[in-house]
Structures are given as C-alpha cells and as structure tokens.
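Below you'll find a set of structures to go through.
Below are two complexes that have chain A in common, paired first with chain B and then with chain C.
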Partner chain A sequence: MIRIEPREMPSKWWTIGIPIISAFVAILLASIPLTLAGANIFEAYRQMANGIFGSTFAFTEMLTRATPLIFTGLAATIAFRAKLWNIGAEGQLYLGAMAAVAVGTGLIDAPAFILIPIILLAGALSGAIGMAAPTYLKTRFGADEVVTTLLLNFIVIIFLQMMLEGPLKDPMGMGWPQSEPIVDNGVLPQLLPRMRIHAGLIIALLTAGLVHLFLSKSIWGFKIRAVGENPSAALHAGINVKRTFMGAAVVSGAIAGLAGVSEVAGLRGYLTTDLSPGFGYTGIVVAMLAGLSPIGVVISAIFIASIFVGADTMSRAIGVSSYLADLVVALSLICVLIGGFIARYKFIRTNKGNV
Partner chain B sequence: MMKNTRVLSLENISKRFGSVVANNSVNIDLYRGEVLALLGENGAGKTTLMNMLFGHYIPDSGSIDVLSFEGQMEPLTLGHPQASLDAGIGMVHQHFTLAENLSVLENILLGSEKIWAWRHNRSNARDKITKIMNRTGLSAPLDEEVGKLTVGERQRVEILKALYQEVKILVLDEPTAVLTPQEADTLFENITAMTKDGLSVIFISHKLREVLAFSNRIAVLRHGKKVGEIPTSEANERVIARMMVGEETIENPRKKMKIGSPVLQLNGVSSKGDSTRTSLNRTNLTIHKHEIVGVAGVSGNGQSVLAKLISGLAEPDSGELLIDGKNIKYFSPKEMQSLGVGRIPEDRHHDGVISAMSVAENLIIERLHDKDVNNKGFLQNKSIKKNAEELIEKYDIRGPGIDANTALLSGGNIQKLILARVFECMPNLILANQPTRGLDLGAANEVARRLLEARTRGAGILLISEDLDEILELSDRIMVIHDGSLTEAIDLSREAIGLMMAGEKA
Partner chain C sequence: MDILQILLTESFWAATLRIATPLIFGVLGALICEKAGVLNLGIEGIFVAGAMAGWMAVWFGFSLWTGLLVAIFVGGFFGLIHAILTVPLGLSQHVSGLGVTMLATSVSYFTYRTALPKVSSPPKIEPFQPFDVPFLSELPFIGPILSQQTAMTWLAILMVGLVWWVFNRTPLGLSIRAVGDNPDAVDAQGLSVYGIRIGSIIVGSSIMALGGAFLTMSAFDSFFFGMVNGRGWICIALVIFASWRPGKALLGAILFGAFDAFQVRLQTEVGAFLPSQVFLMAPYVLSIIALVIVARRAEYPRALLKPWFKGAR
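Let's look at the complex of A and B:
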C-alpha cells in the first residue's frame, strides 16, 4: 500500500525544479512518436533547438509567438485565481482586436503616442465587456461561466465574420474578408529592424509585472485570492464575493483583449478570422503550467512558444508532421501536472502485512 | 443469556488522517445479545472506528474478526462495505441514507433485491418484514413514502432495513440526536427486544443518561484511545464523565454583573434563511451589555438561521432587528462588522478561515479597509506582519509561523486565530456559534475565558451551543430553541431545559 499525504511545506527548489524536470521528461517522451514517425531523434532535436536558438530571427520569432500567450496566460491566471473559469479568452482576444481595428483604421487621426494608448484602451475595454457579461449572468442568475464563456467564443467569431463582410470590410481588400489596415500611427513599433518582434512583448512583460503586484500586493488581489480559495469564508469575512468576481472578470477580459490588440496592431496590421490559432485556449495551458503564477506565465509562454516554433522548424527540416508540436505541448502539460502533484504530495510506503 | 459468545473483536485498530490520529490502538470486543455503548466527546474517534468496521475506511493497522455463520471467528475483509454486510454487520448512520421518494418497503428492500430481475415478488419480503416488526415492536407504514415520515419513523425504517438483511451486529450512530425523549424511549425498548433475539448492538452516544439506562457495558474513547471500559452496573455519571473529559473542568471564575443597555433586540423576527433548515418564527430576543445569553437546543431547530441573521448572511422576512438601538435595514456581513458585531462561525474551517492563505492574511481579512492594512488599495505588509506577530503572541496561536498556510494549524489554534480577529476589534455584540465544538479542553477553556473577559468589558454575547454544560457554565440567561421558536428558560435545571429542547413545556 502507498499512502499519499500533502507535503506540509513544499520547498522552493522543489516547486521550481519539478516543472523543469517535467519539461525534460516531456521532451524525452516525445521521442517515442518521433521515432515512430521515422525521424532521427538527435537530428530532430538539433533542428528543434536550431528553430529556437539558431539565429536572431528564430529567437525573435519565438518571442513573437510567446507574446499573445503571455497575455492570454495572464488572463486565465487572474480569473482562475478567483475560481472564475474564463474559457472565453479566445473570444475576448477577437473582441479586443475588433475594437483596435474599429478605432485604429482611420476613425481617429492622432500622433502615435496618443493613438496607441487609445487603441490599447479600446481593446482592453472591449475584452473586459466580453468577460463581464457572462460573469454578470453567473453572479445574478447562476449561469455556469464555463459554458457561457466557451460558447461566446463561437458567437464572437461569427460576429467577426459578419463585421468583416460588412462594416469593417476593407474596400481595397480585393473582396477578401479582412479589415482595413491599422494606420501607421497606430501600429506598435518594431523592436529590431527587419524582425517581426514588436512592442507587444514589452507590454506583455509589463502586464505580467503589474498582475504579479496586483495579485500579491493589492487589496483587490487579496480579495480575488480569498474568494478563489474559500468563497464562503470570504463572504463571512465581509468580502463582496459577487463584486470580486466582476473585478476579476474585468481585469481578465481586458488582458485577453490586449492579446488581440497586440496581434493585430503589432504583427498583422489588419484583422482576419484567423488572427489567433487558439491563443485563448493555449493561454489556459500556459496558466496551468505556470501554476497560476504571473511571473511563471512568462516562462511557460516562452516554453510553449519554443516547442511550437521549434517543432515547426523540425517538421519542415526533417519532414515529420507539425502535429507533433501539439503532441509535445500536450505531453509537457501532463508531465507538469503530474510533477505538480508530486511536488505537493508525498508518497509513503506502508507495510502491507499490517493492513 | 448467551452473553459469553464473542461476536466481534477489534484489535489494535489505528487510523490517521494526515497528522491527526483518529484512532490509536483501540481494542473492543462485543458479545452476543449485549448493548455496548461507545462514548466519547466530539472528535474522540467513535464514528471513525465504526466506519472502519463498516468498510468505509481502511485502518492503518490492526485487525477485525467477526463470528461467522458457522460459529468461527474469522477476519473481516477490510475496506469493503459489502464484506461487512455479508458478515452481518449493519449500521444506522446519524444522517439517514434513505430514498425519500420511495416507499418504506422499497427502501427496506433496496440493495437486497436483484436490479435485473424481471419482476419482484414482494409478498414474501412483506411477510418477513411484518414478522420482524411483530417480534421487535418496531413499526413503520410499509406503503408510505419515506419523505412523509417523521424522523423517528425514518430511523425505524433504517433499523428494519438492517434487520431485514439479517444482521448480527447493529451499529447505531448517535441514534437519539434527532429524536424526542419519547421516541428515544421507544427506540430503547425496541433495542432491548432485539437483543433478546441475540442481536448485538454498538450504540454511539455522548448522552450519559441514556447510556447508563440502556447499555450493558460502556467503552469510552478519548483522543482516539480507549481510556476505559466498565460494566454499566458499576458506572455512574461522574465516573464516565471523568473518563470522557480526562480531568475535572476548570471553573471559570465569574461574578454577577449589572447589565447595561440592550445591544441586540429581535422583535418578532421571522426568517426563512435557506429552505432546507428550520426557519425562525416570530422570535423575540434581547441581549444587554455585560450579558451572555445562551441558546440551547438540538441542532437543526433554527440555530443556523439565527446565526445567519446576526452574521448578516440572512434577512428577516418580517419583524425588526436592532443593534445598539438602531433598526437594521440592510443585511450583509460587512454591515454587521461596521456595526461592531464580532462573529465566531459554527464551521470554522468552512466559514472562519481561508486555509490556503497565511495566518497573517487571515488575521486581517475582516479589516481590509482599515488604514493600517489598506494604503490606497495596497496591502501594508509591514503593519500586517506586526499585527500578526502581536496577535499570535497575545492569543498563543501555535503553528509554523505567520506566513504559513492556515491549513497547517490545528483546530484549536484556528479557533484562537478567529478569537484574535474577533476580540481585537472590541465588538459590542459577539455571536459565538458552537465556539468550543471539537476543541480540546485547553482551547475550550481559552474560548470561555475570552468570552467572559468580553462580558466584563461590556460586550453582549449570544452563545449558541449544543453542549448544555457549556451553556449552563457560561450563560447569564438561557433561551431554548425548538422548531424555530425561542423560549426563555426559567427553571435552569438540566431536566427542565432538556424537556424544553424536546419541545415539551417545562
């Protein structure tokens, strides 16, 4: 018999070491399907590393891919800390992108230092509304936010299609369902010449720092943690649980909205329905991998982006399916979740003879 | 009598939950046709022990032997309720496990009929149950829906169900907690009749009186250990009480005090609260400064609604509630706090603390808007830390430290944390709901001392407790709650209050 007991004080090294070990185990496990696909393992991993660290361009591409994941990971982190299950970051991302396009394609003519903040604000506001609405339904009528936020994603995508065929459609777009491009003054600046990496990354890192301060040092953050851990004790202690849910929802939705702004105003320049290959959903994985720590989100977003970008390069170079990238991400999540369990609990062998 | 045949033997049973030792090398034997009373305070390990007998938990060590139908003592397969059932062990839980929408007959047959049979021939079953009812005197209307039965009747259905499965050993977990004295007396007559048939009964209780009246032998558990076992004929209340508590209770010195102005007034308050619990009917209650008012009663008679009202978690449907003479219109926990109401919740783990947050954080959770905690929306970590260091010193809260999760504290230390939080705010009115439930004597005495100290300072205290001794010891006045109504007890004898708790006129 093995008895499982919670560790009283999980050590610092343990909590940091376990995810790193888990990531390595995941990559090792990934060699099984790679071998089955007929690839040379060492060549595959060399190409993978090459795709991440091989050149400045490769490295900045990876960081560009990590940028939206940092935003959506932070959005999930804040909501999940309150045990508010925001599965709708994907929809909120598109709402943010739509708002960015609405104000950033010529509606307002202003210099960059005014226009960019306006676009960011509009996107954040739009995302915030996208999460506030289902949360209101939850606090008022008890509608399960897992269902409402998830389904809202599809509604938002269909609404976006409608807008891209109608009011937001680019008249110069040769009939393609895409928006007009963001005006020059509204585009987030590039960080390096001839690279796609843009100021969205700086905003994402700043946001991570702010979310960390918000959760650990602010009264609102305290309330969000308290409500998430034990809503009835929080209520008994005089915390307004419903208002706290709304607060967490607004911040979470706003950050998810910023992901959309960053993608459309930093990378693409115009909006289409394939802006996000599921960044909103991957954000949940990022947040869980990070153990809902805002600083951890930055690291896990970079890790997941590396796997995606590296696996892409690998599949192109040695000719295996890029779905293997998804597989590695899935394996690493499972490994880290199991690792997290090992970090929190200890296993004690008990003498079977006595039982 | 066949009392010499051993039917059950528990040997060196130990069980731990995390760091809590629930049972520590317990040995218990049970003989045919006897009633063994298992006594102990809340948390002494009685229910855990019985759950292991019934296969709900697996003991960490030790063994259980049961007399087989062939007359041999055979080891019981542990951790399998079906094995316990097959060995002839039946259990009637404190909280019934009946399907309310099925008839009594269907409930009794539930589990012993094959699910996939085409049709059930119930006339044989009905005959068998009728025979059992005639023999034991237990009666229940077989075709009535269980949902329509009284609590006492439901319990009889549970027992009939066990007898129908031909149990040799019947465990009754606090069977009288929900019964009126009359129903309890009937139950004991029935038990006596059943033991004449050779049934052995283990009877869990913490009511000394009924244990002395109806059992053959008494075993006492304390902190998971068996601390004594005597034939009932040699026992008396004092002997058993000493075994249960371990030491003489320390008297809290108290002097009569002149009461001050009213701090809490309930004038004809009715409140439904949540629909599952008993509501409060046109209640009148006044608590003055320098006064502790105890509310005694069997749980589930409206205590929770009363506590919720004063915590700000429920509102009156009619009537008015005044605090310090001010008519309260808006009910929320925060409002109650700002009016100077300190609240010690009934379920300290569920409503009292956030166990995944630190001791320091839990100590300030009710003061998030005070200047020394909240500086323009940010936590004042320095003064929060200072506050925590002072309070763990002052209230003797023992644990791994102020930054450790509250989950690591023991129940007594969690209660001290809550006391610190409540008493440091100098409340005018204190709601103490089951404040010593599950605490060891030291922690319980600490709670009593703090409550008396607050009384001296000028607070009014509403003490809700199921522990009549605690109420008698601490209260200046005693109210009895029954079926949602509060009545002042004039005669403060145990018997008179006991009768009122059962809804009888004293």
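Let's look at the complex of A and C:
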C-alpha cells in the first residue's frame, strides 16, 4: 500500500525540478505522434535542435518568438496569483496592438524617444482597459471572468477586423485588411543587424524584473497573494479585495497589451488579424510552467518558443505538421500540473494492516 | 415591419434549431459535469475533437452512426483526462480544463494534417440529411420547420428529456446532484464520490463531442480549422444562464439560436447602415450580457470548483 500525505512545504528542488522534468516528459511523449506520423524520431529531434541552435539567426528567431510569450506569461502570472482567471490575454494583446497603430502610424509626429514611450503607454492602457472591464463585471455583478474574458477574445478579434476594414485600414494596402505601417520613429530598434530580434525583448526582460519586485517586495504584491490564497481571510485582514482584483487586472491587462505593441512595433511593422498565433493562450502555459514566478516566466517562455521555432524547422525539413508544437505545449501543461501534485505530497510505502 | 416578418418565416425557425443543436449538446454536457461539481473548460477542445474524429471516421468509410460513436468515445477519452486531473488529483479545474482544450485541439489538428497532408480544399462527406417525421411534418408551419432538421437535432432534443429524467427521477441523478452539492454526505452513504464525479465528467464530455460532431456531420460536410469558434465557451455561459436545469438549457440554446438566426437576417435588411462585424460580434456580446444579468441570482452547485479528498474532512 502507498499512503499519500501532504507536505508542509514543497522542497526547493521539487519547485525547480518539476517544470524541467515536465518539459522533458512532454518532449519525449511527442515521439508517439511523431512515430504515428511515420517520422524518424531522432531525425525529428535533431531538426528541432537545429532550428533553435543551428545558427545565430535561428537562435535570435527563437528569442524573437519568446518575447511576446514573456509578456503574456507575466500577464497570466499576476492575474493567476490573485486567482483572477484572465484567459483574455489574446484579446488584450490585440487591443494593445490596435492602440499602437492608432497613435503610431502618423497621428503623432515626434522623435523616437518620445514617440516610442507614447506607443507603449497607449498599448498598455488599452490592454489594461480590456481586462478592467471583465473584472468590473466580476466584482460588481458576479459575472465569471473566465467566461467573459474568453468571449471578449472573440469580440476583440471581430472588432479588429472592423477597424482594419474601416478607420485603421491602410489606403495603400491593395485592399488587404491591414493597418498602415508604424512610422519610422515609432519602430522599436533592432538589437542585431540583419536579424529580426528587437528591443521588445529588452522591454520584456525589464517588465519581468519589475513584476518580480512588484510581487515579492511591494505591499500590492502581498495583497495580491493574500487575496489569491484566501479572499475571505484577506477581507477580514482589512484588504480591499475588489480593489486588489482591479489592481491585478489592470497590471495584467497592461502587460498583455505590451505584447501586442512589441509584436506590431518591433516585428511586423503593421497590424493584421494574424498578428498572434495564440500567444495569449500560450502565455497561460508559460506562467504555469514557471510556477507563477516572473523570473521563471522568462525561462519557460524561451522553452516554449524553442518548441515552436524548432517544430517549424522540423516541419519544413521532414514534413511533419507543425501542430506538433501545440501538442507539446499542451502536454507540458498537463505534465507540470501532475508534477505539481506530486511535489505537494509525500508518498509513503506502508505494509498492509500497518496504517 | 419587414424585420418582424422575419420571425414568421419557416426558414428563420429552421435555422434557429440548426444553430441551437450543437449548443444543446454542449450545454447538456457542461451541465452534467458541473452538476457533479467539476467545471469542464475542456469543452472547446472536445468540440474540435468530436468534430474532427466523427468526420474522419466517416471519411474513412464508416457509417454516420459509427462516426457519432467515435466522437462519443473520443470525447469520453478527453473527459477522462480532465477527470483524472481534477477529481483524484484535485488540481485546478480552470487550468486543467484549458489544458484539455489545448490538448484536444492540437491532437485533432495534428491528426487531420497528418492524415490529409495535401488537401487544398477540405474533402467532403455525405452528412446527415433532413427527413420527414410522420404526423409532425404534416402540421402547418411547424411541419416544414421540423422537416428541415436532421436526426442529430432530434437526438439533441431527446437528450434533454433523458438528462432531465435522470436528474429528477432516478437515484443516479440524485447522487450526481449530491456529489456536486455535498460530497461528504454522498461519502457517508457509502457511495464513491470519485466514481460518480469521474463518470459524470466522462459522460458529459461524450455529449459535448456530439455537439462538435454535429458541425462536421450535419451542419456542414467537412472539417475546418477554427470551425468551433468559441461555441464551447458560449455553452459554459449558457449553463449559468440556464441555472443548471436541462429544460432551461434547451430554452437558452434555442433563444441563442433564434438571436443568431435573426441577426443574420437583420444583416441583409439593414446591412447597408452597419458594418457586418457588428452582427458577428452580437452572439458573444449577448452571452456576456446574459451572464451579467443572471450571475448574482445563479445557484451554483455548492461544491463546484471545490476538490474533495477521501478522508480529508
């Protein structure tokens, strides 16, 4: 017989070990669909590694892909710490991107050191509003934020289509539903010549550092944790639960909005409806893999980005569908959930009758 | 005047039932899981999996009814994963559900791409056809509406009755309800809380998969990426709107279908004045508004979202 007992505190090794083991198991499990698809597993993994470490370009591409995931992972981290289920980062990302092109395509004429902060601020504000609205519906009317944020993702995408066929449409876009390009002074600077990697990564890393300080050192961070762990106890301790929710929502939405700004002003230059291949949803996996730690988010975003970029290369090389990447990401989430369970309990072997 | 006349056309009501059918399956499935105390956000992915699996079985030469069985089985499989994660392991139902959605969606897309690597236009199957029901199809007005429905719509409506009967008239239904309200009491009776919860999630997920299968096997005849398009999430909102009652769930799904069918027709009437996206947005906005209106009065199953561990009282 095996008896299961909760641990008082999961050990430090477990906290770091679980995500690494989960990621590893997920990649191993991917060999099953690879085999079923008739691929040579070793060749597939070799191509994936090649797609990440094969060249400087490959490596910078991976970091470019990690940039929006750091933002959306941080957005999920803050909200989930407060047990505020923001599943709407995808929509908030697009709201941020829309605000960026609204102010960054010629509305304001200013030098880069003024225009770029304005664009970032506009995107953050727009994303913050996108999460504040469902949070208000939650605290005021009790409407479940999971459902409202999920539905808002669809509303925002349709709204974006409307904007791209209307006010934000590029008159020079040959009829394609896309925005005008961000003006030169608004484009985030590139980090390396001839590479797509851009200053969005620096902003993402800075944001991760700030969120870490915010959550671990500030009174707000403490309140968010308290509300997340036990809202009624927090209320009795004199914490304004609704205000704390709103604070977490605003910061979470703002960071998700920055993901959109970074993608549109750093990478694409103009806005289309396929700006994000689900970065908002993937951010949830990033946050969970990181154990809701802001510094961990950076590492897990790099891991997830590697999976996507590696799978793209593998797909081109041996013709296996790149949906494999989404599969590995989903598997990592499920593995890390199970791993988290294992870490929280002790498994004690007992003899029968000796309970 | 034109606008109100829409409500009197047969095609409007036929479309209403057609739009409502997948939602009826989805709402019933979600309702069964939640009645047992477990939120199942895997619904969106299970819709995709049901749509893909059922369609693919038929495309490989099996009959439509076998296709439905395959969808049921696949839905149950993903339900089992959610059940293991949330019931004995007691993990976050939100995160686990989203994980199941991601897993079911990516497995379906990967399988579709792997089985049909080089198709530019989606291949078609011969879907369920509308048929005349004896007596009913001869009724004025209602008859022609019902004659435009396929067997799956009838299955959905029968399912509402069945779920109502199980919950209100059988000891099994009583136990499922109890497990979602007061699991300790069920445990004290010597029944297995784990067993009832796991069973409910599997059955609920199988029914959700039928909602997905309707899309590829009755409403359309092929599988598209992104075809589920948030229908699963709308079902989660509709369950709250329906206060976890099968009859109200049917009503909610039909109201939603009617609204959706109405906005499509309204679009052709007044489309010149408003961008089409305003109408596309309407169903999602409507779901949020409905949720806001009923949220405070909703009587959630008391143990919903609360993991239960044997002997941990």
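Basically, the second predicted complex is superposed on the first by the 349 of 355 C-alpha atoms of A that agree within 3 Å, B and C clash if a C-alpha of one lies under 4 Å from a C-alpha of the other, contacts with A are read in each partner's own complex, and residues count from 1 in each chain.
One rule holds for everything that comes next: a contact is a pair of C-beta atoms (placed from the backbone, for glycine too) under 8 Å apart; a residue touches a chain by one contact, two chains touch by 3 or more.
Quick caveat: nothing in here was measured; it's all calculated off a predicted structure.
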* Asked: Who does A:Lys217 touch here: chain B (first), chain C (second), both, or neither?
  -> first
* Of the two partner chains, chain B (first) and chain C (second), which one does A:Arg194 touch, if any: first, second, both, or neither? -> neither
* Asked: More chain A residues touched by chain B or by chain C?
  -> C
* Give one of first, second, both or neither to describe whether A:Ile239 is in contact with chain B, with chain C, with both, or with none. => first
* Asked: Which partner does A:Arg225 reach: the first (chain B), the second (chain C), both, or neither?
  -> first
* Once the structures are superposed on A, label A:Gly340 by its partner contacts, choosing first (chain B), second (chain C), both or neither. => second
* To do: State whether A:Leu151 touches chain B only (first), chain C only (second), both chains, or neither.
  => second
* Asked: Tell me, which parts of chain A touch chain C in their complex?
  -> 33, 36-37, 85, 87, 137, 141-144, 146-148, 150-155, 158-159, 161-162, 165-166, 281, 284-285, 288, 319-321, 323-324, 326-327, 329-331, 333-334, 337-338, 340-341
* Would you mind writing out the residues of chain C in touch with chain A in their complex? => 41, 81, 85, 89-92, 94-96, 98-100, 102-103, 105-107, 109-110, 113-114, 117, 229-230, 233-234, 236-237, 240, 275, 277-278, 280-281, 284-285, 287-288, 291-292, 295-296, 298
* What residues of chain A sit close enough to touch chain B in their complex? -> 3, 5-6, 8-9, 217-220, 222-223, 225-226, 229-230, 232-240, 350, 354-355
* Residue ranges of chain B touching chain A (in the complex, touch as defined) -> 18, 58-62, 78, 311, 313, 332-334, 336-337, 343, 345, 350-357, 361, 365-366, 368-369, 374, 377-379, 381, 400, 404, 408
